[in-house]
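Down below is the structure, laid out as structure tokens.
Chains here go by letter, A, B, C and D, matching the order in which they are written, and residues are numbered from 1 within each.
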Amino acid sequence: MRETIVRRIKDLDLKNPILIEGLPGVGHVGKLVAEHLIEELEAEKIIEIYSPHLPPQVIVLDDGTVKQVRNEIYAYHGKDRDLLLVVGDYQSATNEGHYELTGVFLDLCEEFGVERIYTLGGYGTGQFVDKPKVLGAANSLELVEEMKEFGVVFQENEPGGGIVGVSGLLVGLGRLRDIDAVCLMGTTSGYLVDPKSAQEVLRVLSKALDIEVGMQALEDRAKEMERIVGKLQEMEKAQMPFETSGEEDLRYIG
Amino acid sequence: MRETIVRRIKDLDLKNPILIEGLPGVGHVGKLVAEHLIEELEAEKIIEIYSPHLPPQVIVLDDGTVKQVRNEIYAYHGKDRDLLLVVGDYQSATNEGHYELTGVFLDLCEEFGVERIYTLGGYGTGQFVDKPKVLGAANSLELVEEMKEFGVVFQENEPGGGIVGVSGLLVGLGRLRDIDAVCLMGTTSGYLVDPKSAQEVLRVLSKALDIEVGMQALEDRAKEMERIVGKLQEMEKAQMPFETSGEEDLRYIG
Amino acid sequence: MRETIVRRIKDLDLKNPILIEGLPGVGHVGKLVAEHLIEELEAEKIIEIYSPHLPPQVIVLDDGTVKQVRNEIYAYHGKDRDLLLVVGDYQSATNEGHYELTGVFLDLCEEFGVERIYTLGGYGTGQFVDKPKVLGAANSLELVEEMKEFGVVFQENEPGGGIVGVSGLLVGLGRLRDIDAVCLMGTTSGYLVDPKSAQEVLRVLSKALDIEVGMQALEDRAKEMERIVGKLQEMEKAQMPFETSGEEDLRYIG
Amino acid sequence: MRETIVRRIKDLDLKNPILIEGLPGVGHVGKLVAEHLIEELEAEKIIEIYSPHLPPQVIVLDDGTVKQVRNEIYAYHGKDRDLLLVVGDYQSATNEGHYELTGVFLDLCEEFGVERIYTLGGYGTGQFVDKPKVLGAANSLELVEEMKEFGVVFQENEPGGGIVGVSGLLVGLGRLRDIDAVCLMGTTSGYLVDPKSAQEVLRVLSKALDIEVGMQALEDRAKEMERIVGKLQEMEKAQMPFETSGEEDLRYIG
């Protein structure tokens, strides 16, 4: 296996589909949103993507079976338009792989007639974020203006380091194929899986898509995570009362 | 040489062959088992595999000649079914190479009509293991159930980090080619070559294969290794009597 | 997208074009000169180059839109001859990519009939440079002699480590295609973006090209940078009065 | 330029040629011998090899011109048989590149009818070596025996780590093409360029080739290096009289 393999699970006719990408990244914000959408909308898997650019690894499931590391595409039939949701265990382990997998996703977009892409991610601030915002970056000025109406914040020089990985490339290379694309990034500490930030992104996204999605599952995870963070902060304070506020030293867990 | 080369040493008709992979890995458990089987069963080499993904290296043998680093496949004619054994000096040095070499092995499986694969390895626990267990991960639920009967342990979330390398990929990608595959992992410290763990894996494997294999050579190596470990622990205690139990600080030797 | 893409923005007839390369590098000297030339000469973009060897990234612009990381070629119509200017956000992230992108540039040189290449860069000395010099390295002895007349310094064993990246390869591999090429390197500390060094390179280059270019913008940036350096040096002295002269410990900023 | 380029400088008929490889490596022993042979025998360059697996770099020569990093093959017309000498600025910067360049060299061997290869290198002992030996590793038992007659030492388990790079691969992969090959390694500290070790290798090699080669140039370099080593050892002793013998702490210079 030297090439990326696109494995069709189910053939579907799609009407005006929009692609939403939520692969793992900062705070797993994009992943949380996309997986939540798949569950709430009961989307069905139509494609599996295997690639030598993904880590050479299987994941062991609870029942003792394994799952080959891969990316997956789910489809949801909406009233006016359908959704395609890209999720996965990992992003590419190589720079070139990010380009290759983005190319695969864009080829599929052209095949299915996708005219708009939302890529979802987190924007690490290095500090705990009380009220997450949703930052945006789009591949056309019209899209920037449209997104502002849904509460997306466009801030000069943010993110300063650009957007790395598939979430960035789909927006950048999407332009070359005349596909409108915008990246929505929930602000997050970057240290922990952040369902609260994911809720904010989902709020904006469901307005933009004009769909209603239950939030309970994300809400529950957010509360659980808050409890964990609270405990961690207490432990930090107990251990080093005079040194730090305990807010910037947590490891990445979740 | 820019491509992986499959060099046929001998042409053979094989009946219902099962593939067993024992390339180097944690505690060299898989390698010990596969090489022991080759010796005990007097299997013969039928294929050599050279690849630019293996380290660019030759090994110098005792007689002054060299051996190009490679993977090898041996064949054994059993009563009801034949065995194919994959061994080698190294696994791939690159991520992509793991995929490529797994692809080569699976191509050969299809060519020879292999319907089941056993991949063998060690599962590093970070502590010396008195009574090694054999953990498993399979690519079908039926296989999980079948393996439990031979004493294989399927434990939730173990291995938590998944299975990396050819041992994992043969199981994961084997599924895509409709080949049943299971990875058997002997628990081991991860610090030393572990013939004792290899014995446990061999015990389970020979039950599963319904063959009888002498254990003496592995037994002898296990005893020798125990002596070495004992000495190392004494040395550790002598050097730092109050600091550690001496059990977790040994380097990887063997 | 697994291959480098050459995207033509505009078709142009070019007369006797000279190629000038100013991709990012030490002190961003080459980049400053090339971008300054594009602005002053009002050169127009004719080609965009996208490659999986560039970082997998988009840059977020001030208006909220993104720019896919790329290399670009601008054209300027001169009286007697035209100029092609190569600029970009990054150089290749891989060794092989440097060769590939250099190959792409040289293919375009052959297509446009380019007979001479100037590559521009900085030469890091590790110390603040009061009066930058312009060091050279060319791919023919005649070109070495010609460049000496414009004040380019050819110094034995400088740069001792050779010239790495596209600036070096265009000169080295250009020879194999019978294209004269010279690398002009402004001496610079290597710690900061250095518009003063860029001015020196531009002075030499405009003599060699026999064109006149306004220097004001570079002049202004040089003055601003001098103020920053002055402040940094003061801060250094204030913090560690007895330890260092403060001249060798500045981080790379700009 | 995405492929390795073999550039023919001169077409020659060769009779029974032997290939000698002396690319940079431990103590630059192989490089010193091969370059010495080229000079003494007045061999002429017939091939240049450029590759994206070599560092993306040019070397700046004393006259201000550059030399694209490459490997080169020189030819020498002997009485009974000709010699091909492989030298270069660098070995491959990637694992795969070692395989690719070895493949290129072996293709040329087949084209020119080469039936024997000598690869030359150093074997780092980590300590200053008063009387260098020449260790060997060959790809046939006959060749081992033949080489012993010329004073080559074949020592069990040496080199323990195998032979890495082109010097190893030519011997290992040469076997697959039915070309006899032996690697000759002069023992050397591994810290310094070692012309004394090179002399020993040359002595053995010229016996094996049955040619006479002046040694003066290597002799001179060896004496110069001895002076440098002597001074370094004095400096070491002066600086840390009680700590070390000064023999194991020298940096790699030459």
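To be clear about the criterion, a residue touches a chain if its C-beta (ideal position, glycine included) is under 8 Å from a C-beta of that chain, and two chains touch if they have at least 3 such contacts.
From a predicted model like this one, the values you see are computed outputs, not experimental measurements.
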Counting one step for each move to a touching chain, how far apart are chain A and chain D?
-> 2
Among the other chains, which touch chain A and chain B together?
-> none
Indicate whether more than half of the residue numbers at the chain A-chain C interface occur in both copies; give same if so and different if not.
-> different
Starting from the Cα centroid of chain A, hunt down the chain whose centroid lies farthest away.
-> D
Once you find the CA centre of chain B and the CA centre of chain C, what distance in Å lies between them?
-> 53
Between chain B and chain D, the Cα-mean centres are separated in Å by 37
Identify all positions of chain D at which a residue touches two or more other chains, and write them in rising order.
-> none
Taking all chains into account, which pairs touch?
-> A-B, A-C, B-D, C-D
Can you list the chain C residues touching chain D in their complex?
-> 92, 95-96, 98-100, 102-103, 106, 136-141, 144, 154, 156-160, 162-166, 168-169, 171-173, 175-176, 183
Within the complex, chain C is touched by chain D residues 1-2, 5, 7, 50, 52-53, 55-60, 62-69, 93-94
